[in-house]
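Shared chain: chain A. Partners: chain B in the first complex, chain C in the second.
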Partner chain A sequence: MTDVATYPRKRLKLERRVNPSFSWTFTMYLAATLLGLALSALLLWTSGADVVKAFSTLLTGAFGSQKAWVATLSKATPLILTGLATVVAFRAQVWSIGQEGQVYAGAMGAYLGCLMFAGLPVWLYLSLIILSGMIGGALLGSIAAWLKDRFDVNEIISTVMMNYLIVFLLSYLLGGGPWTEVASTVVYQQTGPVPALSELPHLMGSKKLHLGFVFAMVSAVICYVLLEKTPLGYEIRAMGYNPVALAYRGTNIGRTIILVMAISGAIAGLAGVSQIFGTSHRLRADTLYGLGYTGIIIGMIGGLRPLGTVVAGIVFGGLASGALYMKLLAKVPSALVPAMEGILLLTFLCAAVAARYKFVRVGDVDV
Partner chain B sequence: MPTLLKAVNLTKRFPGVIANEDVNFDLEVGEVHCLFGENGAGKSTLSSCLFGFYQPEGGHIEFDGKPVKFRSPRDAIHSGIGMVHQHFVLVADFTVLENIVVGTHEKGWKLDLPAARARVEKLCQEYGIELDLDASVRDLAVGQQQWVEILKALYLEARVLILDEPTAVLTPAESQRLFRIIGHMCELGLSIVLISHKMAEVMKADRVTVLRKGKVVGTVRPAEVTPQELTRMMVGRDVVLRVARDGAKRLPTEAAPVLVVDDLSYRDKQGKTALDHVSLTIGKGEILGLAGVSGNGQKELFEVLSGNLIPQTGQISLAGEQIKGLPSRHYMDRGVGLVPDDRFREGLIPEFNIRENMILGWQRHDDYTNGMFLDHSRIGTVADGLIDEFQIKAPSGATPVNHLSGGNAQKVILAREFVHSSKLLLANQPTRGLDLGVIEYVYNQIIAKRDEGYAILLASEELEDLLNLSDRIIVISGGRITGEVDPQNTTVEEIGLLMAGGRAEDAA
Partner chain C sequence: MSELFSEAILISILAGTVRIMTPILFAAIGELVTQRAGIWNMGVEGTMLMGAFTAYIVATATGSIWLAVLGAMMAGAMMGLLTAFMTATMRVDHFISGLGINLLVGGLTLYWFRIYIKGRAQPTFDGFDNVAIPGLSAIPWIGEILFTQRLLTYVAFAMVPVIWFLLYRTRWGLELRCLGENPKALDIKGLNIVRRQYVAVLIGSVMTGLGGGFLMLGFSDRFLADITAGRGWLAVVAIIAGNWMPRGVLAAVLVFALLESVATHVQVLGLNVPHQIFLAMPYLASILLLMGLRRKTNQPVKLGIPYFR
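Then we have the complex of A and B:
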């Protein structure tokens, strides 16, 4: 190729990468973070806040002290779990939006367990509560999977609809139904406090961080091992890429979908258990609300990888707990925090796409 | 004859490959000019550049003596270039006439169908095309649908017609008719670019441009060269398909039947009969060839025989055991290997690496697991051994298969299916789209398995290959086995007749 003169135009062109490059991917995500922060700053500025002060209080509130870290990790706990639930489902390309409902189902299952198994030795009692929570989430997930397998019902629709159903079921149970708190003169939408024995133990003497955080970390490791090291993980990943070939070579797709949704539901259910028995100590809807939907964002930002999801969960936990400080000290409406989360999601999704491309100069010899 | 369309020093790159490099090509008025070459040689890239689908990075295109720049197929169509793709772009529920007119309307609001009909009828008459303009495209045979595509191009006043492997979906008789009309079109002044890799068709062209690895090897007149010379130009060396069996130690089929299929019928979800009372037997160490125009039940037959579809009636017995109705897992466990025709969709997980693909379907087998976990080191050893044995060209076993060429990807499937099967091998179009060198390799491997005593069902669109390889050939048409022939004493015409359903009028 000596005849470079035949290519008079030299211009930049976007080309798909054959192999991903680590440094390029890192650069893209860094750029996404900076761009996301810049857009957030713009948002803060238009709402009349002191941008520098807002960011610094947000950061201090999230990661500035040991106390801040504890708050951040405890906020991150359920988000990591719902994020992991998303990872398991989405890696199989089962587009479940049901994490929200599964959190509720997990909380309800666990509360039911806490009523049923009262009186057993404490370790058995706690184990059964956790187990029944996971079963609650898994059952709800399996229903959607079964509908998809048996009747080809789109899982997006069925899981979203079940999110509504489960919220109204809880509403009924707490608002006049059998689980309504009876002792008070005013009826709140909540149960009475759970027995002290059933509360998840706190970690490191803190009042906020509890055993649920350990569950989240263990779940992340289990998810990683499941996806990368086991035959089922192989099938889950293969199904995500090409279910046709997987089925052609003897794997029962319907059974795999049900397993995926059961595992995903169980992990989301764990988030519900952790909220009720670790944080609020009574069953009420407001501590569960939105965890599942945020988990989808976190799983996506984490690149549908367990480790990435843990990091993303902690960042979002930090945003959530830092938001309080920001609101108090910089007089910024805390409603701007979800908006910032949304901005970060968009820039991260863009980065994930950008990481797969590179610029080439058309006319260069070395392609 | 004056030159109508010309490519000068055309260069087109894709990430990591140069698809066309300094390609020079010219099309004279009234000629059939064939683009000949292996898959990946750059035929499709060149024709896509001529049709404005790709924009070349170097060189230029001249039409009617003037340099032109096609930014999209729209520009090419306006200049008078039409293209018929391998995969048709038709609306199934529209009539033939509607399909021809759709999308061509440029001015005003009113669709003047009667005027369009008059024009289309005139075109049909001029070129000798017989087609019912009011038939719904859904009801047409594939061969007739191709005429609709051709009429679409003619309706847009094409002066150049690019046909991309037009005979891939046709019976031998339909192909003959196509070439007869192509000849007539050229007499009337149309110019035709024909993309093909079938020698018989290439020899009918006025001129042939042979491409290899993105470059033009040469442009020749078929009348002045032999097929052997053309093959050598295309491949760069001589190719011999060696299929002779050592000694005549073939057992009669009935002596040791491996697969016995009896009166199998399958209706698909739409209630269409895809397999109609199919019976066949394959013996130990025997290759049974399956001939037929694609889409006549071959796919369903392979899916039924591998347990991926369960037929409504009939029996399947493998080595004496009834296995109809069992899921595909059980077929695999009993030694049935499957090479599907759509390799990247049905045979591989494209994003997985070679090692992972080597165990697809066997990921739960004791050999590859260690308690609950995949034994990655063992999988790596086995897979890397197979990569060597099957001469798969890849940087390492960790290379994703979507980075492999079609031939190497096919070798991954062959390696996996050969190593995990023991009795029956089902190979549907195992050489489709592969280079001659790889085709030779694939067939030699299949023959080696035959000599080991496998029963083999082999389907191919290349009748010559079937005639060379098979011990017996059955022909399928409309889901029915229309006949069985002995490859030693049959002709392409006889098989062609059976492929068309055995009705004499189709062979005219």
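Then we have the complex of A and C:
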């Protein structure tokens, strides 16, 4: 830009940092965390709650004892999975918010598998249930990718719409449709209990933590390897940076998008499987609600990296689990947690930008 | 099905369509201004929800629905300031900041709602009544459909030509549209980009908040979590499907509202078909509309791309 000199006064201008240092990035994220907590405290204070008591019960309920940790990890299980689903899609700059619907699709696919494959040996039965759940999520994800590739339909909008559609489908299936619980006089919008054989085994004798947590950890490792160590991961990252260059290299962008969305959907579907067959043991909507949306926040706050997502997932699992304790002891509605999540997301978004840019004064520098 | 086509039902469906159009139309026509300025606000759903929630709180706390309308517009303005700060000042990716705002509002409204109703029955309010336009409302059929509506419905429809005029017949509108096509040209002329982006986002968000307020005050007497149920998203789809033209946006909103109106009437008639099929129609239609779309000729070139000098 040569016409800067025509500006009579000096102005602040954003300039991209070539290589943001680790300590600067870390400072920004720390500031974001503190600002987010301060804003949450303000929210509590303005609504007349005891801020210290609310935060301390939230923390104790989340990480205060071994029992609390187990509850936290069990709450974190589906959140880590939906967070990872977000990471895979967003790293490719595919802005899917279909994780919510894919969780439902995964749960429905797995329930269908549980009805179809009854009677098989237990290891085969469980594997097929898990597989059909992942296929359910992957299918829903690929539809959005196909719409984007073939018809240039914005993926945010198509995934939002499909989130609504899948909820209507489940509402039909559970409320008067073929999967409605029989032999109950009241309509609860749920299926009957799943067969005991299909339940995911618990870990370490705990009643809450189940095999799903292992899936989440394994998925995190697979995502890391996929993104950082494989040709597909290279394409995914390159698509995020420069899709045009990638197309010139001979990569089929449409095929990559469909693959990305199928993988993302399969992981989100796994979250649905883990909720139904690990936690609630029947198909119902309320145990699935919100997991996908929270997963977006977790993936973003985790810096779109698998390890960061696991950490963020455990922190947010802690918030979800501590919220019950806080509600009981500090009389603060547990809805504080989604509000806090939203606040933290926005402060982290600003921090991510602040970490990448610095203010320089135009006129002082040679532009 | 013959019952569905009796005269009274048909009039009721069409009058319902006009009423259901109102909140989506406010949001879609307002956000058209925002998008024309190059800001792709994906937080429309959240902004609308905040408007609806604020309208509920003000209506039940003060008993005045006009104060509630004002509150909804203020809430929209606050969300607009936040959106503009994220997109114009911080230059966060427009999609991401919009998603963040939706998630934030979902959490905040739920939390505040729980605080508000803690330990008591949920308060209700008296919403809008119809205002029949003298003379015109006496016309058979048309009078009942078009001229026996809530006051704000007339305002929403009046906004379509107003926004058209502002965008296409004023210098302000020309500069605003230029912002979406070629912001550098404005910048080189020495015009303030960020201030214009703020104004464009605020217009869209205030109207979206107003739409949310109408959704609350014109249809219901109590708040529910996620009461907007995707209407903000439908507004965004209407802009794309309408090829970024006021007329087209109006037509797209009409399609969504007609489908929703039919769905509500089918439920009342008690046809032997799962009612979810009809409820799903607007969402399905939005995907089909976007699939069938071949013209995106008026999409602002710089839509959703943060401007760096």
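Some observations on this one:
We take it that the second predicted complex is superposed on the first by the 341 of 367 C-alpha atoms of A that agree within 3 Å, B and C clash if a C-alpha of one lies under 4 Å from a C-alpha of the other, contacts with A are read in each partner's own complex, and residues count from 1 in each chain.
Definition applied: a residue touches a chain if its C-beta (ideal position, glycine included) is under 8 Å from a C-beta of that chain, and two chains touch if they have at least 3 such contacts.
Note that this is a predicted model, so its numbers are computed, not measured.
Contacts of A:Pro231 after superposition on the shared chain: chain B is touched, whereas chain C is not. In the superposition on chain A, contact of A:Phe151 is made with chain C only, not with chain B.
Using the contact criterion defined above for the overlaid structures, shared-chain residue A:Glu100 touches neither chain B nor chain C, since it reaches no partner. Touch criterion met: A:Tyr293 reaches chain C, while chain B stays clear of it. Using the contact criterion defined above for the overlaid structures, shared-chain residue A:Asn242 touches chain B, although it does not reach chain C.
In the superposed model, A:Pro333 lies in contact with chain C only, and not with chain B. Here chain B and chain C are compared by how many residues of chain A each touches, and C touches more. Interface of chain C with chain A (complex): residues 42, 82, 86, 90-92, 95-97, 99-101, 103-108, 110-115, 118, 188, 229-230, 233, 236-237, 240, 274, 276-277, 279-280, 283-284, 286-287, 290-291, 293, 296, 308-309. Residue ranges of chain A in contact with chain B, taken from their complex: 6-7, 15-18, 225, 229-231, 233-235, 237-238, 241-242, 244-252, 362-363, 367. If you check the complex, the residues on chain B that touch chain A are 9, 11, 13, 15-16, 18, 57-59, 306, 308, 327-329, 331-332, 338, 340, 345-352, 356, 360-361, 363-364, 369, 372-374, 376, 403. Considering their complex, residues 1, 3, 13-14, 43, 47-48, 95, 97, 147, 151-154, 156-158, 160-162, 164-165, 168-169, 171-172, 176-177, 293, 296-297, 300, 333, 335-343, 345-346, 349-350, 352-354 of chain A touch chain C.
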